[in-house]
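Shared between the two complexes below is subunit A, which has subunit B as its partner in the first and subunit C in the second.
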Partner chain A sequence: MTIDKTLIERKVVEYIGKNTHIDLQMLTPQTLLFKEGIFDSMAFVLLIDFIEETFGIKPGDEDLVEENFESIDSITRYIGKKTEIDVT
Partner chain B sequence: MNEHMKRPFNKDILVITDLETECNQIISMLRHNVTERLHRFGAVVGISGGIDSSLTLALATRAFGPERVLGIMLPEKDSSNESAILAQKLADKFGIQAITENITGALEGFGCYSRRDEAVKRVFPEYDPATYKMKIGVKSSGLYTNLPPLFSLTIVDSKGNESSRRLPAAEFKQIEASSNFKQRCRMSMLYYHAERLHYAVIGTPNKHEVEQGFFVKYGDGGADVMPIGHLYKDQVYQLARYLDVPQEIIDRTPTTDTYTAEQTQEEFFYQMPFRQMDLLWYAFEKGYEPDEVAPVMELTPEQVKSVFVNFERKQRTTEYLRLAPIRE
Partner chain C sequence: MNAFNYLFENTSLLEKNFILGPGETISLRELYTRSLKLADYLSANYGQNQNILLLAPNSIFFVVAYLAIIKSGNVVVPLNPEIEQGNLDFIKDKCLSKLTFTTTHLAKRIDFTNDRIFDEEMVRRIISDNSTSIIMTDVMPSGQLAEIIFTSGSTGEPKGVMISHGNLIANTGSIIEYLGLRQEDTMLVVLPFYYCYGLSLLHTHLRVGGSIVLNNMFIMLGGVINDLKRFKCTGFAGVPSHFQILLRKSDSFRSTRFPDLRYVTQAGGKLHNAFISEFINAFPDIRFFVMYGQTEATARLSWLPPERLPEKIGSCGKAIPGVELKVADEHGNPVKPGETGEILARGENIMQGYYKDPELTGLTLKKGWLYTGDLATVDDEGFIYLTARKKEIFKIGGRRVSPKEIEEVIMLMPQVIDCTIDAVFDEILGESMKATVVIRDTAAVTVDTIKSWCAARLALYKVPQIIELKDRISISATGKTLRK
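Moving on to the complex of A and B:
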């Protein structure tokens, strides 16, 4: 299976659907997941586990910043950068 | 507080100007709650040698007299010896009866240690509880961002070498759930003695513990009355000094005394010194603007905003802990 931006984004959205109670129709790629209270601390721990298991990425301490996780867009970009997939 | 009645935010805003009146109000309310509302004869207080339980015991002794207060030390095999020494000193100082109930056997029965160690080994296969110590904590680097903190697990070998790794969700939850047997065993034992004597269990959490959810549901959160649940930590110290709590207890750094490796409450949960947290929480709760708070706290308005976002999230995500059983 080829991993591309669409697949990454779809998997991230699926993850959000499974681990939050948000109506996915309400989400945009730019929705601020933490600031708007969609993700809590447990969802963040699970998100890191999900990224490790699904994409084989082990986020280091230096990666754990808002710009990498604040929205679907930023998570997709971060995964793309780490897996060297062009997600622009 | 009404917006126009707010005092200008300053570092002394939490100083209690009349300690005697504040003490008397707490004591009077405690007496009223225990005797008139709960119809109990006295107080059972779990004492750990920490500042919160020490102040609670001092207040209970004033409310009911030393002959109607029972202090219970509840050590287990991971507890520090210092806790028992300080708790005994406290009991002697206030002239109350203190007993020790070691809960190690009960915890072994629940599999508290083995379940915890099994999860630790999944993260660190070399971990051996006979030779290593362990603790979990949050990283303080996350304090001024909108991201919640992640927990890490640290093991310490016999030579003092530390290794830390981020805790995956399953292991984090297993360590947390197994460790919570400690607080829940303590609660059961406190209620045994309270029922035996027809006393009330007096809870010891302060305002931060209650509102930020730093307690175990039906563990240290299980009590009949929480007389210091409205006090900021600095106010706990102010009253403890006023009531002459032993100086060694006042000087002691607050610890969790839950894991085998030493760990402060700041490392485990709060991520900032108590004095800073008190003031920021007060500002958050009373609706002060970050622009007014920032210069006093020597932070930027953006940092204050991030702290407020973190506080709001903690309050929201720990609401479950404060909820009574839903009956609808």
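Moving on to the complex of A and C:
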């Protein structure tokens, strides 16, 4: 069984909204979080802690590459992939 | 001598790549040619001695614009692309800038009012234009300004550190000497070029004809470790939080072997001894250089030879070549070993002063000495140990933050009576900020509303991580709010 993708996305969006204090209307699932200046490295460290606490995933170094975290879409995809592996 | 000529003196014809992948690459020869072309254009169309803003992530665009502005006899003002609009407006007004180099992307987000904008496309067009250019003079007094680097001032307003061509040349030469840099060296650059430490990596590797690898996403640790190995980097430079993250957050860094990595440098604040020991135990073959410096000294002031590190752990070493350092009492006399004093510095690398601020310059540069505001002790052999900062500036993830600036933003909230920002130890960031906020009505304000208020007005790294709400104020005997 896997966690519902929409649930993952909702939690990620909620987290980003709460911690970057940006207007969520400005965000789309494809918005580039680093390139658009929404995330800096400190916010990212906290995001990793959030992922660990909420989804029980501890991203290893090989996971810490831009493709996995550049947008809400990619973060959701990454968590989905990992939870599938972990929870199934 | 123009610092540009110094940097390219022995390297302008080299075909080897100066900037290596994973993204864009460029050879030394091409970098020289492009920068010269853009410098010609600037000189012919805008003359000299103008302050020109530069906002861009580390990239070929940044490096070409930076070098061209310096070569053209104008003054480059590199700024953090995350700068708040208010601080940008303040700097623009102060510098009377009319020209800005920035990316198309940033130009959409930031309001540069009436500035003439040079973006990537504009620079590409100028460089590819084949019209003949004027011949620029290479003669330049060493006190001529090359750049103004803005840093957080203790008043909360940014202060502009004026660096001359002579300053830049002097500090570059010293660093190359004590690090023993060579043409074979490749540096992994994770430090931004708007910061003096980052710029020193650019200057030194240009001068020796080395190479740099640009990695603007340090936090993607997998990418950092890959880059170090893939591009056979011989050097890595970081602030305390870089080393703390590598040692604490990475699951593979310590067990990875880096056969090409000859040395690492650490500056930008004090890294706790435990982390230094951990690093040198994990990598006994990698030379670890602890260094100390300030923007006011172009970048570097002291270094600790790696051979002495195990017995002098906690020390930031001694003066670099060409610099004189002393730890002095309030009369300017050297303190005895074990006593605390302020670090004073003298040398060709010391800034020309703070831009349009003679009062602050007068307080900082006295009788040829730079008063660093950093407190330290010395041991019997003259090794310096930093103890604290006299000036009230925090280093959050290596970036200077004025608590006063944050306090002023929070104090603008109508429900807030008082606010004090303290630095607390953070395992990852080095220091993080704690705001103690005294409010009128505890029901009207929450930790989240304060964080949102700050985030709307400050760059994200300046938003306090910890906020404590209080309904009473602590006042010292002198009437000041207490800062621990």
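In this text, the second predicted complex is superposed on the first by the 82 of 88 C-alpha atoms of A that agree within 3 Å, B and C clash if a C-alpha of one lies under 4 Å from a C-alpha of the other, contacts with A are read in each partner's own complex, and residues count from 1 in each chain.
Basically, a residue touches a chain if its C-beta (ideal position, glycine included) is under 8 Å from a C-beta of that chain, and two chains touch if they have at least 3 such contacts.
Predicted model, so just to flag it, every value in this text is computed and none were measured.
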Partner chain in contact with A:F44 - subunit B first, subunit C second, else both or neither: both
Touching partner for A:D61 - first (subunit B), second (subunit C), both, neither: both
Touched partner set for A:D4, first subunit B, second subunit C, both or neither: neither
Touching partner for A:E14 - first (subunit B), second (subunit C), both, neither: neither
Shared contact residues on subunit A - subunit B and subunit C: 34-35, 37, 39-42, 44-45, 48, 61, 64-66, 69
Residue ranges of subunit B touching subunit A (in the complex, touch as defined): 139, 141-142, 145-151, 166-170, 172, 309, 313, 316-317
Subunit A contact footprint on subunit C (complex, rising order): 81-82, 105, 109, 217-223, 225, 245, 249-253, 397, 428-429, 448, 451-452, 454-456, 459-461, 463
Of all residues in subunit A, those that touch subunit B in their complex: 32, 34-35, 37, 39-42, 44-46, 48-49, 52, 61, 64-66, 69-70
Of all residues in subunit A, those that touch subunit C in their complex: 18, 20-22, 34-35, 37, 39-45, 48, 58, 60-66, 69
